[in-house]
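Please go over the structures that come below.
What follows is a pair of complexes built around chain A, which joins chain B in one and chain C in the other.
After this line comes the complex of A and B, so read on.
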């Protein structure tokens, strides 16, 4: 089934000559799963824009009465202004009080919070040329101090975040757009270019809205002095009680919340600090807390704790991926004081046969089974989620014999020490990653298999604080990539792959000239990829755009310069009777108002 | 005496300056910056991070940053945390009560164990009691706190389910309930720290008393027919405790400094956990302030110990 057929069918659903169910059935017949079919309908504008069923039903029939909700973070939040939130912990802590116009549901669709509806072409929210999006705000929303929430607040957030004197972390989402107040309850966001990914400003973590009347005096270099930075006044389901930076955050029910029968809990406590293992214990084993965030704990241990039958582990799909990069450039030659210079070529990895062999030598099944467990399903794709962007064309295989055949055929001959070589180039690679138990175990698995194919991997592990730092003076950072291969996890912060797939465009090359801040760390260059990315940047048609991203995935994975290993979904723990709404595309508390407890 | 004090205080100034220079250089040499998490987040353009660094003055050369820190410190401004953007003195003050209560009680517990056990063991050397006390003391200070902490958690929280292992600084209950909850959650951290410290001190008290108990004047006192109890309490312990007092005084800064490992295990929001999270986040102003306050306390209590020593032991004179 080609793009045209798909498009025709979607058209028939739109004008009513084909039922949604009929569409699903036909999709299933050609091997597309139901969620994927829903996605297609939704992105093509034929589903209701706020895809049905992306948020589970909320049962409580009255506000409050739920007692206390206790949440445990092993990293403590330190401040409560979303525009200064470095890292997810602080973004999540602010999210208890502040809300954006919309959030991302688990299936990668938008879900309205302070917006009355999700803009779409049908409701006139999206302009056909992709140059503007008009948000209708929910009416009757009040800040915790009783003031009305209006378009002025939304516009203020745009001004505040893009003000260089404020030094806001969120400024990347706001500095290139223009926000206009249409009326008291309508805001228009304008873009210089046609922008298919319009849901960035005012959406999700970076879109949390702070009140104008309390922050307008601090829109400048004095932004740090705003008392509301530590005593938030938001629109959220819970309002502020007390906050001890680096320790505990406490909140209570907001009696004037703008959604019916919400919230369920009377008070909320978010305790921070400690370590992931004991956090898992406190929820799964003793039930002292209701929810534990980001349990980066060995799956075997989690399974043992679950056996206590008090709590369960939640695995939520997101875009995080653990992968290996094979350097395109030569890390051992120095040009103008810079190694891995883009004018060089890697002596071995420039041969596609070597790359192909490398891709065949990692046993992803073993990684999933023995190292990562449920926290790391094996994958052949770099771009894995949301499902509408998943390529079906890539396969992975673990086959040492074939790797040997390929290398033999390409003329790489084993030397006396068993290591293959050709034209004085030996297949001996430095393989670096950060210090982290599963990564070291993966390195060992890879090394063993490579040895059997005549490739010697020299394992190197760098402390995470050095490896992931942006220290220009340090040669061991991952952005410098002064090694033959390296491995780490890259995350996808939004349900749209544009910011994710820019990791392989030629203008993002990580070089000395940009202090190694470029996102293309493997230094791969491909004209077709560049062209596809440029096209996707302004392609308004969602189906065509999805096809472009799938093509990009196939190009980079097909080159074997990138070897995807396992997906990294988010893992958390909760007690059995807690009913929460989680999403891999947004913060933990993105739908806190919908959390409740079954009794 | 006054002259001695003055001289000591004057010596303290260069040592504090030296300490601050070393701390600052080491921190500046350490890799990473407080905005590391932004580096791996593709939604945040690198320019934003560079602008943030510039706005906090992290990009200036080390010596300029040091003198900026020193001048504001001399004016009583401790700076603000890069991570929470809260003033550092406020952060420290918030953590002080919990630190004093938990670490302070653990030191009292340690003394309450070390003094009687150490004295009893020394007055009956090589008896069964002494052997048992010695063995336990060895075990006590050989086991690191992170191990005993986990052991206690496994036993009392997970198997018996008696005590909570997550310390909560704010508890909703009032009256007796409030006290009870606080005591319940403090038992384990205090025990872990107290037993560890107590074990070390027991050995010290024992050897100090043992040194004194063999002296001739003690034999004389016994020969005079003074009851054994009185000999020990009035004549032996009083003299034996002089070095112990110094040791305890030198331990006092630790009460303020918190206990990094134990606080981390039990999630006690003390100064130790503030320090470790600041170190992990490369939050220079907080690390500087905490370590510098700690350095000041060490120097101050050193001085205090010397002064107390002279007061307890008339043979030492400062003139």
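After this line comes the complex of A and C, so read on.
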């Protein structure tokens, strides 16, 4: 069944010529279960990655006249070449000047910037076999120095990024694809295999395009010497004025910008440095700045600052999730000098009853209400966003009595000290996380509930710089997972779950053999999951692909080796009259041209 | 009048020291026996009573999980004080040993020991502490359990970084005492070296050591607080005074009571111990005439 058939069918359900039951029956015939079929109906329309009305209306009727826009980044940027941008701050700072073909809107759909339109099967941009995508470029776009933007520039970015001598950090997006110039305003990207997630090269942060005429002399080992690495010439709404690495970036209105009536502000200042709390104060309390990035501050404090009524906190949905892992392997047995070895089994967590009880013992409601606030809505799913990939099949519950019943039924008997045991295995677990106030609170809440079910949690907190390091010699890193349980946040780099859901495939196991670089840290293995992931990798039909990812979410969450706690949306602050366009799937400045101020 | 009586008479004249001794004694009593009377559990989470200021139900208020701060301060005091006194014990033992050996031996042994002392004095303490804790915490925790392992580790580490002052004091005392007539007399009578040290020199050198020891207690309590404040040291659910401060720091704006009480406890303990040490110095100084 092709995508068109499926869409037609969904359309018929919508206009009433096909009953829901009839739809379910047909879906069952092609091997999709009822809940999934229901889901298909729900997500239909958002099934393909295209934007319609996902960006709010822009109201100013002329270019300029908006005065100054002051933005605060408590981590300052150090360089302005997007192909060398390690970390969000540098990517964002480059984005002030450089633009990609398209960016990701808040709802996880694509929005054209330098592209004339978003490729789709209907407009002939996407090939039916998923092996190529053709981008039509916007005409009449000029670089800040007056030169024309053309397909040659796009092709140059592909050559530049994949050139090993350049050593670009964006090379992962370009290495395995082929880019071909069709004509001066058309570029085709070709893939070796059918690729359902085609919007990586030339899109969003890694897709920012630099001008060929200024960089072609530096397409090699001298790439770091290019003067334009610090004095960018792009196509963006603002052009370069001055830059102090690690401090301030200044820009001014680009009078030849390719979108009508944009930009609104005459000048732009991006100030770096300080810390999250003082940044929040500078925007919300004193109004010295218009926008502050990434406010990792307790919600209690943000609410108190907001009470000054100068600014507001922006919560933007993204894929980040705070979750607990229950180790599949035994952290206390050493095999060939390696703990948590994949040939071992965790003595207690190998019993599904224990895992189920553990999942019942964390009060997510309390976490959301009293610890994370608006920055952490409770969730039962590992894969929460974009909405078309959200499972409706998972539920969470906090129930100590039921946990006790389950453990009693499974034969875990309380000892004299109140801790349950069975066959000399005691329910006493080391629970590690990084040093971070909300995480230590969560540990305390979990520990108390577990105690009432006869489970003793021994809490351990490791300094973040150690816990999240990739230091092979350190036993406390989260990738080694030398503990029974651990908790942290994992983020979703793209609006597509493929790179996110590979965290549970069997070929990504984190072991000594791969220096603990494997993404499957909980060391969970499941054939059905592997098969679903393989299928999703080459499934072109977006609806079926979404169904596969939902199934993967249900498998891993249903195993209870993963206990999702709260979603972690991105949090920023802005003054009341600033009208901005933000997205959890792209950089802060992905739609900077659309920012304006209401007066 | 006995020497002890004489010392007590002098100590009593130091008003601040006497007052401090009373306050310190009260705090030690409260920490030791307080939990018997204030029986609220230290980890009872009550979200309906979060971040409350001092009240009858919670005299020190509550933290952001609604846990009773009085109970936590009392419990934390036990650990902080135990660490303080135990680390002092380690420091004084090592210091007296090194100082005595250096002070009794002439030549290369003395020089070598003083080199070692100078070396330890010049080591940056905090970075080294962090390093040692990372290297050995797990090994020790496997041996004796998490909490005891951390206790032994912190006591040992703090103790082993604070013996140098004591060693120098003891050595200096030994240098002057070993030439005194009564020591010469003992030696002439054929007393062994050990007997001369233990029976004759050491008791006379003890005054400054007691003073240095009192200051060491304060230093150790501060060091433990520093470690806990950095998120190292004891497990995160063990409410030592330093850990309580660490947890409270983000909420200083609107829940100052959370930081004030443990902070006050550290402040008072260190201050009173220093005053008591001051008083002891006056009381035990044989050359002081009054």
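Keep in mind that, in the parts below, the second predicted complex is superposed on the first by the 549 of 599 C-alpha atoms of A that agree within 3 Å, B and C clash if a C-alpha of one lies under 4 Å from a C-alpha of the other, contacts with A are read in each partner's own complex, and residues count from 1 in each chain.
We adopt the following convention: a residue touches a chain if its C-beta (ideal position, glycine included) is under 8 Å from a C-beta of that chain, and two chains touch if they have at least 3 such contacts.
Small disclaimer: the values here were computed from a predicted structure and weren't measured.
Undergrad: In the overlay, answer first, second, both or neither for which of chain B and chain C A:444 touches.
TA: second
Undergrad: Per the contact definition in the header, classify A:469: touching chain B only (first), chain C only (second), both, or neither.
TA: First partner only, chain B.
Undergrad: In this superposition, which partner touches a larger number of chain A residues, chain B or chain C?
TA: B
Undergrad: Quick check on the superposed pair: does A:229 touch chain B, chain C, both, or neither? Answer first, second, both or neither.
TA: first
Undergrad: Of the two partner chains, chain B (first) and chain C (second), which one does A:301 touch, if any: first, second, both, or neither?
TA: In the superposed model, A:301 contacts chain C only, not chain B.
Undergrad: So, A:461: does it touch chain B (first), chain C (second), both, or neither?
TA: Touch partner of A:461: chain C, not chain B.
Undergrad: Same chain A residues contacting chain B and chain C, which ones?
TA: In the superposed arrangement, which is not itself an observed complex, chain A uses residues 466, 474 for both chain B and chain C.
Undergrad: Over in the complex, which chain C residues touch chain A? Could you list them?
TA: 43-45, 47, 50, 64-65, 67, 134, 138, 146, 230-232, 235-237, 247, 250-251, 253-254
Undergrad: Across the complex, what residues on chain A touch chain B?
TA: 68, 72, 76, 78-79, 81, 84, 86-87, 164, 167, 169, 171-173, 200, 206, 224, 229-230, 242, 244-248, 250, 267, 269, 271-275, 278, 281-282, 285-286, 288-289, 465-466, 468-471, 474, 479, 490-494, 499-500, 502-503, 514-515, 517, 519
Undergrad: Spell out the part of chain B that touches chain A in their complex, as residue ranges.
TA: Residues 31-46, 48-52, 55-56, 80-81, 83-86, 91, 94, 153, 157-158, 161, 164-166, 168-170, 172, 264-267, 269, 273-274, 277, 280, 282 of chain B touch chain A in their complex.
Undergrad: Can you tell me which positions in chain A touch chain C when the two form their complex?
TA: Contact set of chain A toward chain C: 298, 300-301, 304, 366, 369-371, 435, 437, 440-441, 443-445, 447-448, 458-461, 463, 466, 474-476.
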